[in-house]
Amino acid sequence: METPEQIRDRLLARFPGAEISVVANPAPAAQHSLLLGHAPAVEIARFLRDDPTLKLDQCSNVTGIDWPEKEIVETTKSTVPDPAGGPPKVVETKIKRIQPGYLEVVYHLYSIALGHGPVILRLRTGNRTDAVTVPSLTPVWRACEFQEREVFDLFGVVLTGHPDLRRILMWDAFKDFPMRRDYVAPDDYEWEPTPHGDVLEKAKRHYPVPPAAAPVAPAAQEAPKA
Amino acid sequence: MSANDFSPLAPQAGSHVREVHDPLHGELLEVSMGPHHPSTHGVFRMIVTLDGERVMKLKPVFGYLHRNHEKIAENTTYLGSMPYTDRLDYLCSMTNNWAYAIAVEKLSGQPVPERAEYVRVILAEITRLLNHTCLAGFLMQDCGCSGTPLMYAFREREKILDLFESLSGSRMMCNYQRFGGCRVDPSADWLDGARKLTDNYGRFLDEFETLLTGNEIIMARTQGVGALSPELAINAGVTGPMLRATGVNYDLRKVDAYGVYSRFDFRVPLGAHGDVYDRYMIRVLEMRESIKILQQALATIPAGPIMDPKAKLRGFRPKAGEAYGRIEGPKGEIGFYLVSDGSPNPYRYRVRPPSFVNLTVLEDMCLGQTIADAVIILGSVDIVLGEVDR
Amino acid sequence: MNAAFLATLSLELLPAQLRDMVTGWLPEPWRWLVNSILAIAVILASFGLLFAYLTLAERKILGRVQNRPGPNRTGYFGLLQPFADGVKALTKEDIVPRGADHLLHFLAPVALLAFSIMTFAVLPFGRNLVAVELDAGVLYFFAAGAATELAVFMAGWASHNKYSLLAAMRALAQLISYELPLLLSFVPVIMIAGSLSTQEIVHRQSGWMFGFVPQWHVLTPWGFAGFAIFMTAALAESNRSPFDLPEAESELIAGHLTEYSGFKYALFFMAEYFGMCALCGMAVTLFLGGWQAPLPFLEFIPSYVWFATKMLTLLLGFIWVRCTFPRLRIDQLTRFAWKFLVPLALINLGTTAFWSLTSGWTGGLQIARWLVAIALVVIPFQLIGRKLSAGLGPRTYRYA
Amino acid sequence: MLGTGLLKGLGVTAKNFVGSYHDPERYTTIEYPEVKPKLPEAYRNFPFLVTENAMDPMGTLRCVACQICEKECPPQCIYIEKSKDKKPDASGKMQIYPAIFDIDTSVCMSCQICVEVCPFDAIKMDQVFEIATTDRYDALLLRREQLAKPNSYYQSIHPTEAAEVDGRLAADRKAAEEKAKAAAAAKAAAAKAAAAAPAAEAPKTPPPAA
Amino acid sequence: MTLAFLAIAFVTVAAAAVAMALRNLIHSALLLVFNWAGIAAFYLWAGAEFVAFSQLMVYVGAVSMVVLFAVLLTQRSPQSFREQPDSISRVIGALLVGGAVLGVLFGAVLSSRLAPSAATATPTISVKELGSLLMGPHAAALLIVGVILTVTLIGAVIIASTDHAESGKDES
């Protein structure tokens, strides 16, 4: 089973103009992945599926991940010679950088014919607001059909080239995308007088005066049978 | 076809039956089977377009049991999600736990002691027995037997659930496995109970097969129905007994050889036609193989710690990174994809549910069959809505 | 009760004596009327009770087969369950769909029940216990039975529901395609017995061969084949297990009974059971020697007891089949009737012709006669069976 | 021959029918209200708080309101408010106790993670499953008083587990006492040494006896 | 006895008349069944059981099904019936045919000499002789009737299938 670097080199040889890079995975499982550009994605996928040495014929898992804007503070230590001739001081300069957020679709590919392990592809969208399209790989593997619809339903990534892109888990009239990090759950709330924690705050916010219909708890609290 | 306004909120005039005029076939009947239908195994809905008896189009609609298990997992700790994995495929909680535990162990590089690996294999194979027995019962119930095979299947299931209850405390919601081992060390008489169960299970399977496998009516109803070609199965990501019924030799216990499966010798049955009868037979033959594995595992289970001493129960913070762990669940390949950013809560927690992906080919199998067959084909796919909708 | 009367009291003639005692002190013209009313009352009472306890027996046996007790909460061992069901059916609201044809909607269950009960008139329950002694009794039985299709059609049409009409059509297709094997399978009995009267057929089956083997039709090769076809067709006629398509819950629709609830639904249920009892009674009369005793020394037991035991065993057989077999699809069902039962029934006519023509053979020829008859039954069964189930069969699996 | 499969099927159902009369293996129904089910010892339903003895439940509550279980509980159904004052626990140390300890059993899924993470063995799993009530809210919210059950009850429902827990607690208490004694002895020795060396120094008052 | 005869006659004729009058085809088809049952009652009253039951079986059991299926399969929506006759020649043609049939019927009724009023003893003929008669001299008649029945059924199906396609266009 070739390492991601070897696969990247073979792909670059095969598709000269494509931007393909390896994304390292620090976890002990060391499952590194290949970041693909949008243009050649479908051809690369078809090549990975039909290549005799790889034969990645099963797309086992399609996942969406939401990476919102992140403020990255890079502290660089630089030694500045002290003008007054004293020992050189170490100065930490903090550069604040806003890393633009993006939505990512991850594909785990396996080979049933040769039985070897995951080759992971990553496709990233431009940003999280308007450029949210990613080429769909359903034409290459039908396994992605339902899972890509789920990514569209829960993350809002529009997969171009998908035969039937509709919501799959939420109902069609649902507007928001629940799995995004900045998703605010609807505040539909039914009276529930449990007197503790955030449930209590929610109750107070919704029902300043508890509705009269609240069932009157029987006075005698009979202890549950031991 | 008109715009798709089948969402539950859209107002539905009259019953869910609409005449659809298709120039090619004349009067088509569009019927919505489910979400509350006796034969759809839970809240699953099929919008079937019928030309008389024949199925022309079949659109599965699910999401009725969607509780966004993955969002909940992002707001609780790694350990906190373990009891929720029981609720995914609520028939096989042990294999769900194991899949999650393997994924987290891959993410954090947590070693697992010998005895725990053996116990995990034993519990996974017992869960496979339970799931395949239940499936055979439900499938025959769809074929029309008035409950007899289902009751026999449930009689055996009770014995297995008693074993789970005496080990983990709850029949179906076991919450038994931890990262780096298991929660409770099975006692000696529990292991004897498991040995007794596996020895008697062969007799039950023989009786079950004499009742069903040779039955001419079942052969007439299921052979040649809902055939699936191997190429389509592989391409559509179908896994588990449904894939092996089409003849593709792909069993993660042999391919990945995770846990200690490499120490046991067992065979993987393969079908030839990929129809409903093959899927039923593959599951019965797999049960016989599971009995062999169980007998070997129960015979050679080593002593030793059940939990890795260095495993941290609370304050578990895997380093940043991601991992995808998968096992051969009774319904197919169940996988967990975890992305961690060093905090006690997972950054992204994704479940790869086998029955959800296996449903991709439901329409391909049902086209051209009669509506009675569509019910059986759905039964043979073996879906559990907790896992499909998550 | 004077001694003479007690002396002549034998269980066998008890029913007849009771009837005479009741109609004895009536003037002549009324005696015939009271006699027939008495017969009707007795039949309705006994078969009504049998229906009630048949539903209970079915649920208990189904339970026991599935390793569970079955209904045992109402009364001891659930004996009051049928009456509880009856009260439930009576008190349930009877919903009639708005667009339904009220007259037909009401008439359908009544007609079905009427035709089913009419068939009991010609069943010979005992040596002299037959309600109406008709020369063409069997023909009357199947004439009344044939009208049930009309009632099923009325039910389907009157419910003003596309499903019910579709289901009624499927139920009719099933009833009509199984009417043929049902009728063809009793023709050999008429050929051998030479008469259409039910009592005559039962008398034909009296007497014993070799001292203890009864002369029943079922014990002859053509008789056994006819009996098997008759019972399969009877299963289909009364919508029972392998052929219970109309009420298949896992199918699309709940059959032509969708729009019925409350007592009308119970009437349909009752009509189905009466139909089942009538067909079992006719099977006993035609093939199992009616009220004949199976062994000479058992003659002292009254004839109506024998008829009852044989009918009950057949009914339990129906229930046993319901516990075990799955359902056939509509096209398999009709193909099974037209391509398997009808040809076998026609061939069976040939076998019976051979059997009756060679009745004169004796000694060695007798054995040849039996062998040829058995061959004439078994070989077509094998050939047509193999052609019917072409492509189906147990499979072997390879292991990787 | 066509039909042999069907006949064998009939044979199996007949065997089960007959078997259900004499073979306990083939008659599995327990008629629940009359016959109580035999629960395995490991069975768990809703948690309960362990108290040392039954006479004074609120006084001898083992729980020290450390709120670990509240944080670890996946569905967040435990609510604890610490008490302002302290009270001595079994080994005499002054500990905080929970003024309010509610478990909302309509939310709790009996996953026993609270039992696992509790360092003081203060919360264990109960075996009561007949807890139907008419009121959806307050009756299902078990307060501290309803949750508290004596250790003897704990020994009756989980004998082996209780024995092991008691053994461990007893061992800890013994170890704590030895440590306290050793610390007292060491302090006494140090005090003697301090008293012996500078005669003028006023000897320190010995620490309160454990 | 005449009371019974009059009752049966009244039921038979009334059923036929009402069947003619009703607009709902299904109701009239079912009333036709009552008519046939009435005729079977006549046979029974005359003591010919075999003929009565075969009439019941064939007509009430099978032919009523054929009629109902034919009605259902050719069920057209009411407004497409052509109310007014197309042309005068059709009306004259219809009248001529009607008159001819009427003439033949009356001719047959008048020419047949009715037996003297005393009802002759019903001939006790057993089923066996009836069978041999049917299979012997009257075999041809039996076969022709069978063929006619099958032809009508197949004809109904063909008409229905062609109508079905045709009617499929104008109203969905």
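The chains carry the letters A, B, C, D and E, assigned in the order they are written, with residues numbered from 1 in each.
What we mean here is this: a contact is a pair of C-beta atoms (placed from the backbone, for glycine too) under 8 Å apart; a residue touches a chain by one contact, two chains touch by 3 or more.
All figures in this text were calculated on a predicted structure; none of them were measured in a lab.
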Given subunit B and subunit E, the chains that contact each of them: C
Applying the document's contact definition, name the chain pair with more C-beta pairs in contact, A-B or B-D. A-B
Please name the chain that ends up farthest from subunit E once chain centres are defined by their CA atoms averaged. D
Taking the mean of all protein C-alpha atoms as the centre, the chain whose own C-alpha mean lies closest is B
Just curious, how far off is subunit D from subunit B if you go by their C-alpha centres, in Å? 34
Averaged over CA atoms, how far is the centre of subunit C from the centre of subunit D? Could you give it in whole Å? 65
Whole-Å distance, C-alpha centre of subunit B to that of subunit C, is 45
Report, in whole Å, the distance between the mean C-alpha point of subunit C and the mean C-alpha point of subunit E. 31
So subunit D residues touching two or more other chains come to 2-3, 6, 9, 12-13, 16, 26, 28
Touching two or more other chains - residues of subunit A: none
Pull out every residue in subunit E that's touching 2 or more other chains. none
Name, in rising order, each residue of subunit C that touches subunit B in their complex. 62, 65-68, 162, 241-242, 244, 248-252, 322-332, 389, 391-395, 397-400
Would you pull the subunit B residues touching subunit D in the complex into a rising list? 76-77, 79-84, 148, 152, 155, 158, 162, 165-170, 173, 175, 183-184, 207, 210-217, 219, 313-314
Write out the stretch or stretches of subunit E touching subunit C in their complex. 26-27, 30, 33, 49-50, 53-54, 56-57, 60-62, 64-65, 68, 126-128
Complex contact set, residues of subunit B against subunit C: 17, 29, 31, 33, 38-39, 50, 53, 140-148, 151-152, 155, 211, 213-221, 223-224, 249, 251, 254, 267-273, 277-278, 281-282, 285, 370-373, 375
Which subunit D residues qualify as touching subunit B in the complex? 2-6, 8-9, 11-13, 15-16, 26, 28, 40-44, 68, 72-74, 109-113, 116-117, 125
